[in-house]
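Consider the two complexes below, in which subunit A is the common component and subunit B and subunit C are the respective partners.
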Partner chain A sequence: MPPDTTQALTASRYPGSPASLRRPSAPRWRNWAVAVGTQGLRAGGLILFLAVLGGFAIAAPAFLTPANLGLILAQSAVLGILSLGLTLVLITGGSDVVGGGIDLSLAGTLGLSAATFANLNQAGYGDGACVAAALAIGVTVGLMNAVAVVRLRILPLLATLAVMNICEGLELVVTENTTVAAASPLLDGLGQTGPFGVPVLGYVLLAVTLALGLASRRTTLGLRAYAVGGHPEAARAAGIVPERYVAASYVLSGGLGGLGGIVSVAFLNSATGGSADMLLPVVATAFLGFIFSRRLVPTVTGTLLAAVFLGSLSNGFQLLRLSTYWVNGIEGALILAVVGATAGLSKGRRA
Partner chain B sequence: MTSPSGTPALAMTGLVKSFGPTRALDGAGLTVASGTIHGLVGQNGAGKSTLIKVLAGLVTPEAGMVAFDGRILPNLRSGDAEALGIAFIHQDRLLVPTATVGEALFLGREAAGSGFGLWRGTLQERADAALDRFFGLTLPRGVLIRDLSTAQQQIVQITRALLTDPKLVVFDEPTAALARREVESLFAAIERLKARGIAILYISHYLAEIERICDSVTVMRNGRDVAHLDAKATTTSAITRLMVDRDVTELFPRHRNRPGGPLLMVTGLAVPPQVQDVSFTLRRGEVLGLTGLLGSGTKEVAKALFGLAPARAGTVSVAEQPVVIRSPADAVRRGLALVPEDRRAQGVALDLGLRENLTLASLGRVSRRGWLDRNAERTTAERLVADLQIKAGGLEVPVRTLSGGNQQKVALGKWLARDAGVYILDEPTVGVDVAAKAEIYRLVAALADQGVGILLLSSDLDELLGVCDRVLVMYRGRVASDHRAADTSAASLLDATLTGSRPRETASHAA
Partner chain C sequence: MSSVSIDRQARLPRGTDLLRFGVPAALAAVLLVFAIAAPGFLTLNNVAGVLVNNVALTAIVALAMTLAVAAGGTDLSVGTAVDLGSLAFVSAIAAGHPVWIAALLGVLAGVGTGVFNAILIARLGITPFLATLGTLFIGHSLQQLTTDGGNPVYVSAASIPPALAFIGHGSVLGVPFVLWLLAGLAFGTWLVLARTRFGREVLAIGVEPQVALYSGLPVGRILTLVYGASAALAAVAGILLSAHVNAYVPYSGNAYLLDSIGAAFIGTSLSRTRRANVPGTLLGVALFGFVQNGLLLVGWNFYWQQVGTGILIFGALLLAFAGRGSAARGRPGAH
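The block that comes next holds the complex of A and B.
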């Protein structure tokens, strides 16, 4: 080649019209659509929430009384605590529905922990032993999940479903499929009504939320946990060991499942079967919580709001004498809507 | 050019590293002085990335020496480089998309004296201060990484590296995903680093970039450093000549037929955002090469033709019939066949046997009313195994157990059973040994002699020159030039690939 072409070569870097020079990522309209979609989803969630509350308040005057609102909080306690456990797993595992983090064993953990608590209570053990056993059950289940997911590298969806089955089986063995009544000073205390007419169980939910909210938003641990879920390789490049955070989130989730068991016994004054019915509501609550966060990610406060929202639905339906079985269907629809919308938005963002 | 103290910041010499039979590094080395920008260029497979992996401690060399900051480093291990003050800026940005700039900048070292708690306000202030100090840049408060432009993300990534106070920053193809304006802001950022006395190693395929910002440049070829040049005193064509290997073994059987009438005509094809206005004609019996840098749009053209990527504009006709291809099924119906680059994921069903794989694209011919005809399957498969000289222990052996070259023959062979008219081969010889390569070339030539058209996507210049009748070079989404293989050289093809230039030699000294 003649050397004098060199000038022509260097001059012709980036040939073509300005259109070819634009940022080679998503076209502008799509960025715009994603931004509108993100904000629309958040606003839509809040509007729906307020509209439902408003609707109930008009249709059932008893709905907005302080006593009823406190009751809603207490009714949401078990669901809320379990969903907070799942939220932790979603934070570190990423919210990809198939490959990301998920803990389906929470409902089973709740049942097994409640059954253990009630059985030990029946057998005459004190509150300390019962609480310790219930929490230990939860942590053990969490460890099983952690080993299955982090060590054995089983898809969380499958691993925790299998563990859920183990828990349910053991629960049936412990309770022989009967309702086990329980009574103790601790349970009495939890059944009381605290300041401002809010039941103690409502305060338990708020306390757990506050603790986890601070840990996730105000500590370096929380930031790193989010980083692990958001981009594991980036976290690893920053010197973080993602596996530790994922494992810890499953163990904590299990622990919260154990706590949920105790709260459930306090709420019902017994351990009853059918804890598996909690599986779908827990998943619905944690995913619904996404739309209450600015970044459309799992957050502790978002999950609390979602739990209270679903709690109000059940409560409102009861007040209106509608079948609460409708709530099951609504929960399923919400899962599809929220997961579908957030997945669509993140796909738009990637493209 | 040397640093004030006279010692280079980084000196690598005599590095040797083999992977199996291939020598990735064969006595390679380079030096980078403080306060200078040093370019590293070479063709794919010249050993650039292995050299960088040695520096990063990801690859242990068999011989040679690395010295940094006046000290000899005998065994570099992963993570050592960062601790010594070497920062790597990779092509893919390792940032958490849902984090704020402050969170992303300080992830992993957030605390810095403030203990266990995390104060986002402080983090934000420190981030603002760092971005302003290094780049004079202000980003909106609380903005998330995913909402930044690619260049802004890259600036964040560089700032993150600078917070460790490095003495050497290695940029690996940093402009591959950037638009022009963004490239300029990146260059300004790199100039700032240089002014701070930091040594910079800059790896890029774009020679114009090397000429624009580098002070000196090392050219690599076949695992060696073949030249160290003053970047300001050399020319891109001189660098190109050094990058090209002249002695290539004769692997290529040339097919005899003259190309016939037009078979596949593509007009004004656009696949936003990577491809704009691509037109070409593939004739019967022709082997047409399509090449270009990563991101130049060649893959998207192939995908669009096979219905795997949506085309925004353009017309395609096969055998002078206009066709609309919206899915691979449409493409197959029109007689198109695709042999994808990632054959293990897309080209073959790894756990199925040769019989199933070879008849998968032509099940209509080996079945009756939905029932498979085992005999027809076997005859077809046996014929193909013999024709293609596939080496396997029988028709029922899972394809997983075959060598790369034989797997590739299976991926190709399943279309032969269908008598496709247009074959799109995407990097058909990547990861294939020399003997199998020669057989694949022979097969391509034989196919062309039968009158089919072949579109060969490849980044191997010798392969393109050896196998193709014509080669189209794409640059930033357009066909930049059209070369007759007989009249061109590897150097001018490489030149066209790297700079998008239209070569003169087709006019000046046509054979």
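The block that comes next holds the complex of A and C.
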């Protein structure tokens, strides 16, 4: 496991727990158990995911129908796209929350871009102009973050917090705190159901994932981005300019926030307030995505799986007519369980 | 790691020590500009109003955050502690218990949240950010389940005990009770953090937990106390909030989360070593509060106020962080 993520995830900061005190003299069976445990955990995310899907499928026959799976994908589109943006920032920033990369402005960007899209739509502008404006807003917000973090060296947590405030304020200015309806050929098209009964929005999410996944795993740029996040000094020594990658990740993240805004308008047929509520779910999804990667690092596919996983939880609960009040708690407990298990295991591993 | 790297990044080159005064300067500038632009701004009435309505509760939550930040963490579940404290307090009063028992229950509910955090952080070794994020989500569910999806709990107007009215609206010697309490809590927190052995231990853990542990500090116990106290403070804010509105409104605590994070971190710029400190945090909260109020008085459109606040916070951050050493964006892997 690369040291940064391991540490970020496992809080070697707080070595007070008994596990780490025993570290120097860990017996061989412990290493063994840890090795087995680590492998189990690596596969564990997927196993858990499939188990939950299986459970829902047995309990609610409607769950596994293509139409419902497509619906889950479409319902996860906004959350997924935003979380992918945060994932990029985590990749280049390192996943240490306070000192590393984080983008708290994503939900605000979503709201502002959705509001802009819907307002321009109301004002009679065509789809092209609306899309361009929404994306431009996202990229501008991303640029602000990038300048604040890379040039002005403000802690990402704080810089993006201030930018989030600005975005949410502007959203209120644009919408005057009302719901702005929107209708256009593009929105109609996005609201359609595509091949295999999967809504077009689901395909949008998959396409974004595919593009970012390929870029991060199959290109030099992606490799270097991981290098920057993993060990900025080593990356610099290897001739990479970390600042460029970090800045680019914030700009891309902002752009994805803009795209998320368009998708959300398409999903709701309007721009509604309250986008700020998306912030914490986005953070949770991006971090939960770690469990779907073999090395417990932020990955594009891991984040997609996490978003879909959380989407299928709410969907399954609804189908089973269980109270959705439990969903948040289960989400929280899952994050804790996963991160806690990872923490325990990697402590042992470094023995 | 994190705070070590922050410390590293933050080590100021000689001569830039003046930057420590960025936040006080920003606050002074804000006060000056609004005093000129809005005639009613610097009146006693208005300042008292800002302190009671915009500053007091946020400040108490920010004190809670300061403790966690001083210990090298972040506490995203302060809002949860506010809510659970408020829920326990109001439910107990609605059930006819005396106010002091209700307040005790409220604080205990907060402490419960804090102990849960502490177990996750100190025992299981989960990073504070993620541990408290998990707590926040679980707390959300808990509130949904106990309130049937988010219905407020009211104290019926006929049965408001006098003590509750006093906590919410009373004053002593002409100064609102909330401000006395804030002053007491702030002084207490400052005393503990800046003037006691325990406070030095907390800061030591915040800088380098490994070293703190190897120096023989009971890291787990200290962190338990820190997160317990943090949640207890937040619960006090919750009790004050519910006494003010005679109700428990689900999820209202999260409104304080981002402001308190902002204030605690902006406040670190006041310290030579960039540690979280009580005066800095209070200045940060005051900055937010007076900017909001000032923009209101100048007659800015309500919706523009948030934009203005965001931009001004950004400016304060610039002042506080400008000229930071160009050390590598230090991250865990870097050392």
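One rule holds for everything that comes next: the second predicted complex is superposed on the first by the 289 of 351 C-alpha atoms of A that agree within 3 Å, B and C clash if a C-alpha of one lies under 4 Å from a C-alpha of the other, contacts with A are read in each partner's own complex, and residues count from 1 in each chain.
The criterion applied here is as follows: contacts are C-beta pairs under 8 Å (C-beta built on N, C-alpha and C of every residue); 3 or more make two chains touch, one makes a residue touch a chain.
Fair warning: this is a prediction, and the values are worked out from it, not measured in the lab.
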Identify the partner contact of A:340: answer first if only subunit B is touched, second if only subunit C is, both if each is, neither if none is. second
Touched partner set for A:240, first subunit B, second subunit C, both or neither: first
Check the residue A:179 against both partner chains and state whether it touches subunit B (first), subunit C (second), both, or neither. neither
Is A:297 touching anything from subunit B or subunit C once the two structures are fitted on A? First, second, both or neither. first
For A:170, is the partner it touches subunit B (first), subunit C (second), both, or none of the two (neither)? second
Across subunit A, the partner (subunit B or subunit C) reaching more residues is C
In the superposed arrangement, does A:65 touch subunit B (first), subunit C (second), both or neither? neither
Touching subunit B and also subunit C: which subunit A residues? 2-3, 8-10, 12-16, 19-20, 230-231, 233-234
Residue numbers of subunit C touching subunit A in their complex, please. 1-3, 5-6, 9, 72, 74, 76, 120-131, 133-142, 144-145, 149, 205, 209-210, 213, 218-220, 223, 258, 261-262, 265-266, 301-311, 313-314, 317-318, 321-322, 324, 326, 328-334
Touching residues of subunit A toward subunit B in the complex: what are they? 1-3, 5-6, 8-10, 12-16, 19-25, 27, 217-224, 226-227, 230-231, 233-235, 237-240, 295, 297, 349
Using the touch rule from the top, collect the residues of subunit A that touch subunit C in their complex. 2-4, 7-17, 19-20, 93-94, 96-100, 104, 148, 152-155, 157-159, 161-170, 172-173, 176-177, 229-234, 236, 242, 246, 280, 283-284, 287, 323, 325-333, 335-336, 339-340, 343-344, 347
Which residues of subunit B touch subunit A in their complex? 94-99, 103-104, 107-111, 116-119, 144, 146, 149-150, 177, 179-182, 206-209, 211-212, 235-238, 240, 272-274, 276, 295, 475-478, 480, 491-492, 495, 499-501, 503-505, 508
